[in-house]
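Shared chain: chain A. Partners: chain B in the first complex, chain C in the second.
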Partner chain A sequence: MNPSMVISPSFFSVDGLVGAVFLIMVAITLIGGLIACNSERLVRSVAGLIVCFVGVAGLYYFLNSPFVAMMQILIYVGAVAVTISFAIMLAAPEEQKRVGPSGPLVGPFGFATAALLAGGFSILAIRTDWKVMAKINDGSVKTIGIQLLTEYSMVFELISIVLLIAILGALVIARGGREG
Partner chain B sequence: MRLTLLNVIVAVVIAIGFAALNAAYLVWAERRGAARIQRRPGPNINGPFGLLQPPLDGIKLMAKQLTIPGGADKVLFIAAPVLAMFPAIMSFVTIPFSETIVAKNMNVGVLMIFAFASMGGMSLVFAGWSSRNKYAMMSSVRAVSQAVAYEIPMLITTITVVMISGSMDLMEIVRQQSGSILHWNIFPLLGNSHNILMPMSFLIFFTCTLAETNRAPFDLGEAESELVAGFHTEYGSMGFGLFFMGEYANIVIGSCMTTILFLGGWNAPLPFLGFIPGVFWFLLKLYLLIATFIWIRWTFPRTTIYGLLNLSWKILIPLSLFNLLFTAGLIKVF
Partner chain C sequence: MSLLTLYNNINSFLVIGAILFGLGIYGMVTRRTLIGMLIAAELILAGASVNFMAFNRFTSPDPVAGQVFTLFIMAIAAAEAAIGLSIIIAVYRQFKSIDAEDTVQLKG
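Right after this comes the complex of A and B.
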């Protein structure tokens, strides 16, 4: 590891403030995620999810891509979270804690998976030779549009396939409910 | 411009101050306007023309006890009014009041405003749900369906304007409308659009703004004849005050966006009037639009929830989609 990277900047310098903002965003994301997973009431989970999305948007903004940050808020908070709360209000009026047989992943398996993931990511983070990336482009809408439709068109198309699969899955579930 | 800490603080203070001042005095304007339309005096006792009414109301609201109903979800109950006010204040950061008066111009300004505007709906949901009150709950279900229904035509109409301007930068959109009143986006002939459907776009956008800010005739969320007071039934003191301020701050944002996208922003209506600073024209257009909001509220009766949803899904969305296709075709041909 490059030793110059280890020296932490003073808190009151620009770099220090930037680091503080970054840490705040990471904390918001993590706290939101924890609330979303652990709360017993579904609406609170949605609230946690929103906090998490806003934190992720902050990270995108921090990474110099305001367009992606705004799309994150617009799509995930403005559309996805609203749709989820719509579904909750239509489908589950009673906010009771769900008690039922837990799946096979809960318990030792779940713990092992989590440990494996955490270990793997930690090793990855430590072993990688991190480089400070130069700004690739100005991050404007025009550049992103051109890049998406030329260099990253494959990724762009794959995302649409993911959406198609999600819609098909929703249709299958809805039909199954109707017949049964 | 270098971004220093002082700049940021000044911008934030001005944004919050502007939002709060507008919210307070628009309540006064609304009550006076309502009184004039209904041929009664309105608040006219405290100070000249009743101008001291808003600060006195503020003191009264802040002095009251904050009551939280038993069984309510405390965290969300307190968070909801804050969430109503916060997106509006965030949006003020990127709104250009003139060529120079803008806190932080972004090249995705349009997106930023709509991103934060879309968060406003969630505050109604949380308020209604956390109150543990049947009427509040029904109100938040209505609010969600309304927000979903009207965001779509609003965004599609905005996309047509963005397509014409070729930019999501609010300042760039305004700059392209400079010249005279005929170059504004609402008028199709001399502007850069040549799109004869622009007046219709303006109407769709304005209607959606009315609906998104929960203003009459679309204030089904707080329909007091059916739902007591809707999502803020259980709110007293400053919680209620914050909802009120949030509503008016959102009206200001909506009117700012209408001004920027369709009415030429800070541009003077005629070239020889250009010596008057742009901020004057911007505020003039802004407050004329807000006066229209108040006028509409006290003129039209409330619609029904079915009428509201039908208007969006059956009329506004097809129209705005057609408008989008038409504009795309025009851009391709010319």
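Right after this comes the complex of A and C.
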């Protein structure tokens, strides 16, 4: 076992600063997630979603995957969040008539369900003794590219067809009822 | 185990994934508008991706598989957002509302 996992590093050492940056990323992720599912206006909700995705990209950086972190920012923050903002501007009424939950019991029961699921998964994760296996390659961007075009080439082609059909379907559905 | 060494431990990433998933479920249950539900679904997908990446980094022998899986989750999420938002726009054109409880045309 790595000795740095047992001995607590000083805050001003390199390890300590890395740990502090990790805690900041976790805080950004959780605060963004809380804003995304609790704010009263949808635009603020999307802003919280963007903050949350930037934090998740930081977590991916800590998981040895700078490529996936960049893709997270490009695809989620750059494309998905912008698409959702467009939809809010096109479809959401100026004044949300009723903002809160639809019944008096929805909030508490929803919170109970979410807390039960999150707590259960957390306890399950902490109590399990995860086996660590030796790596068979380095997981670099070059290896990802080679494997995408050899071992995962079929899935790669299928996902591009799925995206093409999704874009065409979105155009057809959104144009359908348009008058004039 | 101190706070500053949490980044080197699989459990912290799994707990963050579980919390993101729980936030997504909470938003999905309590949101009234369809766009709010879509945002909550994105949170759920982010939680799943964090889990995949954590297992990829700490336990999997092949550190490429989890990254490729996360890339595919991103592509599926983009497709889902495009289709879902165009459906929401079509629903808004029909009902003049994106409240999930106003779309009750089939209710007897």
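One rule holds for everything that comes next: the second predicted complex is superposed on the first by the 111 of 180 C-alpha atoms of A that agree within 3 Å, B and C clash if a C-alpha of one lies under 4 Å from a C-alpha of the other, contacts with A are read in each partner's own complex, and residues count from 1 in each chain.
In this section, contacts are C-beta pairs under 8 Å (C-beta built on N, C-alpha and C of every residue); 3 or more make two chains touch, one makes a residue touch a chain.
Keep in mind that this is a model prediction, so the values were computed, not measured.
In the superposition on chain A, contact of A:41 is made with chain B only, not with chain C.
Of the two partners chain B and chain C, more residues of chain A are touched by C. Of the two partner chains, chain B is the only one that A:50 touches; chain C does not reach it.
In the superposition on chain A, contact is made by A:163 with chain C only, not with chain B.
In the superposition on chain A, contact of A:67 is made with both chain B and chain C. When both complexes are overlaid on chain A, the residue A:115 reaches chain C alone and has no touch with chain B.
Once chain A of one complex is fitted onto chain A of the other, the partner contacts of A:79 extend to both chain B and chain C. Contacts of chain A with chain B, set against its contacts with chain C after fitting on chain A, overlap at residues 67, 71, 79, 83, 86, 90. The touching residues of chain A, counted against chain B in their complex, run 41, 43-44, 47, 50, 66-67, 70-71, 73-74, 77-79, 81-83, 85-86, 89-90, 140-141. Every residue of chain A that touches chain C in the complex is listed here, in rising order: 2, 4-6, 8-9, 11, 15-16, 18-20, 22-23, 26, 29-30, 33-34, 36-38, 42, 45-46, 49, 52-53, 56, 59-60, 62-65, 67-68, 71-72, 75-76, 79-80, 83-84, 86-88, 90-93, 96-102, 106-107, 109-111, 113-115, 117-119, 121-122, 125-126, 130-139, 143-144, 147-148, 152, 155, 159, 162-163, 166-167, 169-171, 173-174, 176-178.
Per the touch definition, chain B reaches chain A in the complex via residues 73, 75-76, 79, 106-108, 111-112, 114-119, 121-122, 125-126, 129-130, 137, 140-141, 144-145, 147-148, 151, 168.
On the chain C side of its complex with chain A, the touching residues are 1-27, 29-33, 35-36, 38-40, 42-43, 46, 49-50, 53-54, 56-64, 67-68, 70-72, 74-83, 85-90, 92-94, 97-99, 101.
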